[in-house]
Amino acid sequence: MSFPLLTLTAGLPALGAIATAAVPAARRGAAKWLALVVSLATLVLAAIAFVRFDPGGARYQLTESHAWIADFGVRYELGVDGIAVALIGLTALLVPFVIAAGWHDADPLEEKNPNRRWRPTQGFFALILLVEAMVIISFEATDVFLFYIFFEAMLIPMYFLIGGFGDRAHEHGEEEAARQRSYAAVKFLLYNLAGGLIMLAAVIGLYAVTADQLGQGTFSLQEILQARAAGELDMSTTAERALFLGFFFAFAVKAPLFPLHTWLPNAMGEATAPVAVLITAVVDKVGTFAMLRFCLQLFPEASKWATPAILVLALISIVYGALLAVGQRDIKRLIAYASISHFGFIILGIFAMTSQGQGGATLYMVNHGISTAALMLVAGFLISRRGSRLIASYGGVQKVAPVLAGTFLIGGLATLSLPGLAPFVSEFLVLVGTFSRYPAVGIIATTGIVLAALYVLVLYQRTMTGPVKAEVQGMPDLKVRELAVVAPLIALLIVLGVYPKPLTDVVNPAVQQTLSDVHKTDPKPALEASK
Amino acid sequence: MDYLIGWLVLLPLLGAGVLLTGGRRLDRTGHWIGTVLAGSSFVVAAVLFFDMLGRSGEDRALHSTAFTWISVGSFKADVAFQLDQLSMTFALLITGVGTLIHIYSIGYMEHDERRRRFFGYLNLFLAAMLLLVLADNYLLLYVGWEGVGLASYLLIGFWQHKPSAATAAKKAFIVNRVGDVGLSIAIMLMFTTFGTFTFGPVLGAVDGAGEGVLTGIGLMLLLAACGKSAQVPLQSWLGDAMEGPTPVSALIHAATMVTAGVYLITRSGAIFDAAPTAQVAVVTVGAVTLLFGAIVGCAKDDIKKALAGSTMSQIGYMVMAAGLGPIGYVFAIMHLVTHGFFKAGLFLGAGSVMHGMNDEVDMRKYGALRKYMPVTFVTFGLGYLAIIGFPGLSGFFSKDKIIEAAFAKGGTEGWILGGAALLGAGITAFYMTRVMLMTFFGEKRWEPDAEGHEPHPHESPKSMTIPMVVLAFGSVFAGFLFSWNEAFVKWLEPVTSFEEAHPPMGAAAVTGATMVVMLLGVGLAWAMYGRRPVPSVAPRASWLTRAARRDLLQDDFNHVALVLPGEYLTRGLVYVDHKGVDGVVNGTAAAVGGLSGRMRRLQNGYVRSYAVSMLAGTAVLVAATLLMRGVA
Amino acid sequence: MSSTVAVHSLWTTAAPLAADKINAPKIEYAQLAPVLIVFGVAILGILLEAFLPRRFRYTGQVGLAVVGMAAAFAAVVALAAGGYATTKAHIAAMGAVAVDGPALFLQGTILLVGMVGVFTFAERRLDPKAHGRHVDSFAAQGSAVPGSDQEKDAVRAGFTTTEVFPLLMFAIGGMLIFPAANDLLTLFVALEVFSLPLYLLCALARRRRLMSQEAAVKYFLLGAFSSAFLLFGIALLYGYAGTVSYSGIASVVDGTAKLNPALADSAGNDALLLIGAALVGMGLLFKVGAVPFHMWTPDVYEGAPTPVTGFMAAATKVAAFGALLRLLYVVLPELRWDWRPVLWGVAILTMLVGAIVAVTQTDVKRLLAYSSIAHAGFILAGVIATTPEGVSSVLFYLAAYSFVTLGAFAVVTLVRDAGGEATHLSRWAGLGRRSPLVAAVFAIFLLAFAGIPLTSGFAGKFAVFSAAAQGGAMPLVIVGVISSAIAAFFYIRVIVLMFFSEPKADGPTVAVPSPLTSTAIAVGVAVTLVLGVAPQYFLDLANQAGVFVR
Amino acid sequence: MNPVNYLYLSALLFTIGAAGVLIRRNAIIVFMCVELMLNAANLAFVTFSRMHGNLDGQIIAFFTMVVAAAEVVVGLAIIVTIFRSRHSASVDDASLMKL
C-alpha cells in the first residue's frame, strides 16, 4: 500500500471544509484565508498527482483499494487515468480562483443578526471546498457505487451554494430575487436528483446483473471489465441498453444535454459568478467525464447503439444553445446557454468515438472550464459594480474600465474558440474527430462556430462599446485581487492554446484505451484506405 | 538561416504583447517600440530574401519546425514554417508596407490617447499575417487566418465609442467567421482524405484523391477566401470596415489581409488544378466581384468607401486570375503586390486628405485640394495612374496580364471573363477619375462643420508623407521591375507553376482594347465631374446608382435573408425554451401537484369514509388474491 | 402466553387422560427475557403509579423505564451473542414465540427506539413552566374535559400523566412479541397488546386536546376494525389448516401435512387459505400504513402528541413489518405466486400515493405521515423480493428508518410558538437563519428520507431496491425511483423554506431542550450518518439475522 | 346440521358488523359493530374447531373474548372522553383533521 495521494487530494478540501465551517463568526476573514490556503494546498497535491502520473504506465494509477460495503459489492477503489488526472487538475486549479473571486460574495450585508451561530461566510467557503472534495473523488472513483454516491451527494452543497448565496444583482427587488434564487436552486436539485435517481435504478440493475452472472455483485469497474473480457459477464442486449440509458440520463442532465438543460441558465443566472463557474466549469464536467468513463466502458455495445440519437441531441444542443445565447438579455444566462452549446461539442466528441473526438472532448472539458471561468468571473466583477445582470444596463464600459473590458474580450474570444487560445485546439479536434466518422454531423456542428462569434461579439458590443452610459460612468477598473484572479486564467488559456502537449500526452493513452473498450478504431484517411 | 523565420513572426508578436500588457507607462514610447519591431521584422525578411536569392530556384524553400502543437492519434499539427518564394513575396510586402504604415500612423494617430494600443494591435496584425503566409500547414495557416481577423476586428472597432465602428467590427468578424468555417471544413476534408494537412504532403498527393473530394475542398477554400477577401457573397463587411482608422484601411483592408484569399487559392493551386468545377466557381466569384466592387465604387461619395469598392474589385481580378490556373497564379500575385503599393498609397493619401479636412470623408465636400496638399496630390495621382493601368506604371503590367489570361482561358468562358475584366478596367478608370476629380480638382466645396470649424486644408507632417512617397515609388516602378525580363514569373514559377497565356486575338489586341476602354472611362468621368461643378449634396439618381450607393443592396439582402429570420428564430426558440422545454417539466410538476391536490381530498377527515376505503381495499385484496389463483 | 398447539388432541379422546397428569407448558424464560423484563417493568410501573407519591413518580417512572429498556436490550444482545439469532434459533414457549435472527434484530431495534422514545416522552423543558413547574407533552389529567375548570385545577396542582410510561412499556412489550409471534393467536394478542396502549397515548396531548382525542378515536375505531378483519382471517386460516401455528399452516400449504380426507370440502380449501391470508395481510398492512389502508396515518400522526407520533411511526412500522415478513416468509412462502402480484400492486400504490399526496401538505407532521406511507411502499418492495437479501434489506431499512423518523419528530417538538408546537410549514420559514443547527439537523433527516447518499436513507433504499431487483422486481424499483423523485420535491421544499426564505417577524422560536431530547436527536443524527457512511457492520448484522426459524 | 351453515352465519354476522361500522354514526354503535365482527370470528373459530375436531378454536375464542373486553375498556374510555369534550358521540363530528 503506497501513499494514499488520491484520498488525500479529495480529503484535504473535505477537512478544510469542516475547519472553515468551524471558524467563529467574528473571524470571517480567517475563514476566507483558510479556504484559500486549503484550496491551494489541494492544487499542489493535484499537481503532484499530475506529475506522478505516467502516461505510458498502467491504465489506472495511484490506485487505492479498500473494502467498504462488502454487502453491496462496494469497494473504496480509487485510481486515475489520464482523463481523470487532467480533470482533477482542472478542478483543483479553478477552485482557488473561485474562492478568490468570491472573496466578498458572502459577506453579511448587515451585522445585526439574531443568531451568533449564523455564519454565512464560513458556510460559503466551506461549501465550495466540500464541492471540490466531492468532485475530485468522483473523478477518482473506479467503483461505480462510490462514484454514484459522490455524484449525488455533491448536489447538496451545490444546492445550498445556489440557493443560499445568490447574485446580489437584482432588478426586481429583494423578494423577487429570493424567489428566483430558490426556484433556481430547487430546479437544479430536482433535475439532477431525478437524473440521479434514474441512475440509481440503473446502478441497482447493474448490481443485479453482476450478482446474477458473477455470483457476487460488484461495482468495481476493473472487475467488470475483466469479467467481460474473460467472457464471464455477458449482458443481454436489452439489459445493457436499459442500464446505459439509466446512466446516460443522469449524465445528460448533469452535462447538460438538450432537452434536459433548462436548469443550467437558471442556476447560473441566480448563483454568484464564482458559484456559476463552479457549476459549469467543474461540477458539470463530472457528467461528461462519466459518459467517457462509465457509459462507454460499462456498456460499449449500447453506447454504439445509442450514438446516432446522442449525436443528434448533441447537435441540437450546439445550435440551440448558441441561438438561445444570442437571444438572451441577461449576461450570465447568455454564458450559460453558451456553455450548453459547448457541452454539445463535448458530447459530440465523446460519441464520435474517434481518438480526436474523445481526446478533443477531454481537452474541451479542461479548456471550457478555464475559458468560462475567465469570462464568467469577469462578468461577475462587472455585474458587482453595477448591480445588474441585464446586458442593456451597460454600454461603453471599455472607456471607463479598459482592463476589465480587455479581459472580458479575451474570455469571450476564448469562448468563441479563437485559434491561439486553448478552446480552439479542443473544438477543432472534436470537429475533426466527428467529421472523420460522420461528415454531415461535423459540418452542421461548424455552425456553432459562427453562432459563437455572434453571441460573444454582440455581448461585447452591447456592454463594452458605444457611448458611455450614465450609470456606467465612474465604474472602477479591475482591482488587484480581481486582476490576480483573471490574469493567470488568461495566461493559461494562451499557454494551453499554443502548447497543449503536456495535456494531450496525458490524455491520449486513456482515450486509446477507451476506444479499444468500445472496439472502435479511427477511420483511415481515404487515400490510405483506397490503397 | 531557417531559424530566422520564426523571428519574423515573433518580433511583432513580442511588440503586441509588450504594448498590450505594458500599461500606461508605455504611452510615450509605445509607438516607437511598435514601429521598430515592425521595421526589424522587415529587416529579417530582407535578410532572408537576399539569402534566398543566393540559392537556385528549386532550393529556395526553407522549412523550420518549432514544436509539435497538437498530436492526438494520427492527427498531428506542428508549429512549423515554410518560407518559399510565395511566402517571401508576402513577407516582404507585409513587413514593408506594414512598417511604412506604422511610420505613417505615428503622425496620423498622434492625438489619439490610445495610440499605444493601436500600435499593439498593428503589431498583432503583422504577427498574425506573417503566421498566415509562413505556416507550413493549413491548421497553422488557420491560426493566422483568424488572427488577422481578430486584429481586423480590433482595429475596425478601434474607435469603439462610435456605435457604427463597433458594429462594423462585429460584422467583419462574423462574416469572416462564415468563411473560416469553410477553411475548417476544408482542413477536415484534407485530414480525412490525406491523413494530413501539411502543404507538401497534401499538395503532392492530389493526384490520388477523387475529384469530388478535391472539388469539395476547393469550394470550401473558396468560401474561406470569399470571407477574408470580401468576395461576393461575403463581401458586405469591407465597406463598413472603413470605420477603422485610415492606416488600418490601407494596411489591412487594402494591401495585405484582404488579399489572403488570393494567397490561399494560389497556395492550394494543385487542388484547384485538379478540380475544374471549383476553378469555375473561383473565376465566377472573381468576375462577379470585380464588377460588383467597381459599380459600388462609382456611386460612393465617401472617399474611403469608394476606395473600398475599388479594393474589392481589384481583388476580384486577383481571384479571377488565381482561378484561371497556371496561366494566372503568377499574375494574381503580381497584381496583388502592385495593388498593395498603389492601393496603400491611395488610402494613405485619402487619410492625409482627411487629416487636413477635419476627418471629413465626403468627397462632395472636397474639391481643389491639389493646391493645399501638393505632396498628397502627387502621390495620390501616381497611385491613381497606376490603378487605372496607365501604361508604364505598375498597374498596367499586372492588370493587363490578367485580362490577357482571362481571354486566354478560351471559348465562351474566356470571352465572358475577358469581357468582364475589360469592362472592369473601364469602370475602374471611371470611378478613380471621379475620385481624383472630386477631391483635387474643381472648386473648393468645404463648409464649416456643425460646430462651426472651418477646415483649413494643409499638408500632412513628414511622418505621413514619407510613406506616401515611398509607396508612390512602388506604384510607379514595381510593375516595370517585375516584368523586366519576366523576373516575377521566374521568381514564382517554382512554387506556383506557370503557363504562358495566349489570348485568341493576340496580346497586343488585348492591351489595345484595355487602353481604349480605360480612356473611355476617364473621358466619361471627366465629362461628368470635370466639366461641370460637382453638387455638394448627392443628387437624386437612377435606380442603379441608388442601389450602388447602398452597396447594391447587399446589406438589405442579408437583412431580409439572414438577419430577420435569425432574429425571429432566436426569439421563437427563447419562447420555446421557456414555454416548451421548460414547460414540459414545469407542466409535469404542476400535474403532480394537481393530482396531489385531488387525491388529498379523499382524506376528508371522516373516519367512516376511511373505513369504507379499508373495506374496499380489503375486497380488492381478497378478489385479487383469488383471481391470481383463478379460484374465484 | 399459553400453550395452544401441541397439547391438544381430539376432544373425544381427551377423556381418558388422568386429571392429575396435566402437562405443564414448557416455557424458556431466559429466551423470553426481553419480553418478560419489559412487561415486568410495565407492571412495576403501574404499581409505582399506585403507591409512589405524585412528586416522585416522574423520576421513578423514567428511571424504571430506562433501566428496564436497558436490561431488555442487554438480554437481546446476550441472546444474540449466545447464538440464538443463528445456530440456536428455535421456537420457544411451546411454539408460540420464535427466537431467531429477525426476531432478535427487530426486538433490539424496537428496544433502542423505545429507549429513545422514553427520552422524548420524558422531556419537560420545552413548554414554558406552568405554575412554576416544568411540564411535559402530555395532558395534566387525561380525563379532564379540555378547557374545563377541572383541567385548570389539575394543571395548577401540577398533575402529570406519568401513566404514559407504563403504557409505553406495554406497547413495547407487545411490539417485541409481534414480530416474534409464531402462531396466529399470539400474533393477534400481541397486536392488541401494543395497539391498545397506543390508542390511549394518542389521546393524551397537553395542547390541542380535541385533535388529540379525535386522533385517538379514529385510530381506535379503525384499528379495531382492522383487527376484526385480521381475526376473521385467522379464523379462516384455522379453518383451512386446523391449526394456527405458523409451521403447521405452512406444512399444510406445502402439502407435507396430510389432512383428514373427510374434511376435504372445508379444510384444505384454497379459498379459505387465500381469503384468510388476504385478511390477515390486510390487518398487517393497516399497521404498516400501506395504501389503501393508510388513511388513519396522517390524522393520527397529526393529532397525537409528537413524542408519541415519533415513537409510533418508528416502532409500529418495525414491529408490523417484522410480523408481515414472518407471515409471508414462514407461513406463505409456497403461496408467493399468489401474494407477490397483489403486494406489487399495494407497493406501487403505496409509494406513489404517499409521495404524491405529500407534495401539497402544509403541516410538518402530516407531511412526515405521508412520507412514512411512501417509505412503507419502499420497504414493501424489499419484502416482495422473497430472498434472504430481501429479509436483511428490510431489517436494515427498518433500523435506519426508525431512527431518522424518531429524530425528525423530536426536532418537530422543538419548534414552538405561543400555541405549542408550530407545525404549519409556513411557520418554519427562515428557521435556518434563526437556528442554523436545528435546521441543519432537520435537513439531514429530510435528506435521509429523500435517500441522498451518505445518509442511512440511501443505504437502506439501495439495499431494498437492489434486493427487489435481484428478486426480479425491477419495475418496482423504477416506480420506487420515480416516487423517490417526487418525494424529493417535498423534502426539498421544506429545506428551501428553512434556509432560503426570510424569517417571519413573529415566527416560532426554537426551544432549548433538555439533554433528553438532545440525546434523542443526537442519536438520530449519529445513526443516520453512521449507517450512511459505514453501513457494513449493520448490513452484516442484518444478513446474519436474516433467516427465519420455522 | 351441517357445520358449514354456522360458517355462513358467521360470515353474515361479520358482514353486518362491517356494514354497521360504515353506516352508523354513533361511536358506541360503531364500536359495538366491531365487537360483532370479533364475535363473528369467534363463531367461525368454534365452528372450525368442531369440524377439525380439535380444541384450538374454542380456546382461541376465549382469548378473543378477553381481548375484546380489553378493547372495550380502552375504547369506551376514549369515546367517553371525546363525548365529554364535544358533547357528541357522532364519529362524523370528529373531523378536525383532514386533507
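We call the chains A, B, C and D, going by the order they appear; numbering starts again at 1 in every chain.
What we mean here is this: a residue touches a chain if its C-beta (ideal position, glycine included) is under 8 Å from a C-beta of that chain, and two chains touch if they have at least 3 such contacts.
The shown structure was predicted, so the numbers you read here are calculated from the model rather than taken from an experiment.
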Between the pairs A-C and C-D, the one where more C-beta pairs touch: C-D
Furthest chain, CA centroid comparison against subunit B: D
Interchain centroid distance [CA atoms averaged], subunit A/subunit C, Å: 45
Interchain centroid distance [CA atoms averaged], subunit C/subunit D, Å: 24
Distance between the centres, which are taken as Cα means, of subunit D and subunit B, whole angstrom: 96
CA centroid of subunit A to CA centroid of subunit D, Å: 65
Multi-chain contact residues (two or more partners), subunit A: 190
Residue list for subunit C, restricted to those that touch at least two other chains: 217-218, 221, 225, 229, 298-299, 489
Interface hub residues of subunit D, defined as touching at least two other chains: 18, 21, 30, 91, 94-98
Pairs of chains satisfying the touch condition: A-B, A-C, B-C, B-D, C-D
In the complex, subunit B residues that touch subunit C: 589, 592-593, 595-597, 599-600, 602-603, 605, 607, 610-611, 613-614, 616-618, 620-622, 624-626, 628-629, 631-632
Subunit C to subunit B touching residues, read off their complex: 217-218, 221-222, 225-226, 229, 270-271, 274-275, 277-279, 281-282, 286, 291-293, 295-296, 298-299, 337-339, 341-342, 345-346, 353, 356-361, 486, 489
Complex interface listing, subunit D residues touching subunit C: 3-4, 7, 10, 14, 17-18, 21, 27, 30-31, 34, 37-38, 40-42, 44-45, 47-49, 51-57, 59-60, 63-64, 67, 70-71, 74-75, 77-79, 81-82, 84-86, 91, 94-98
Residues on subunit C engaged by subunit A in the complex (per definition of touch): 433-437, 447, 450-454, 458-459, 461-463, 465-466, 469-470, 474, 477-478, 480-482, 484-485, 488-489, 492-493, 495-496, 499-503, 534-536, 539-540, 543
Subunit D partner contacts - residues on subunit C that touch it in the complex: 2, 4-5, 8-12, 14, 142-143, 145-146, 185, 188-189, 192, 196, 199-200, 203, 209-211, 213-218, 220-221, 224-225, 228-229, 231-232, 234-236, 238-239, 242-244, 260, 263, 266-267, 298-299, 302-303
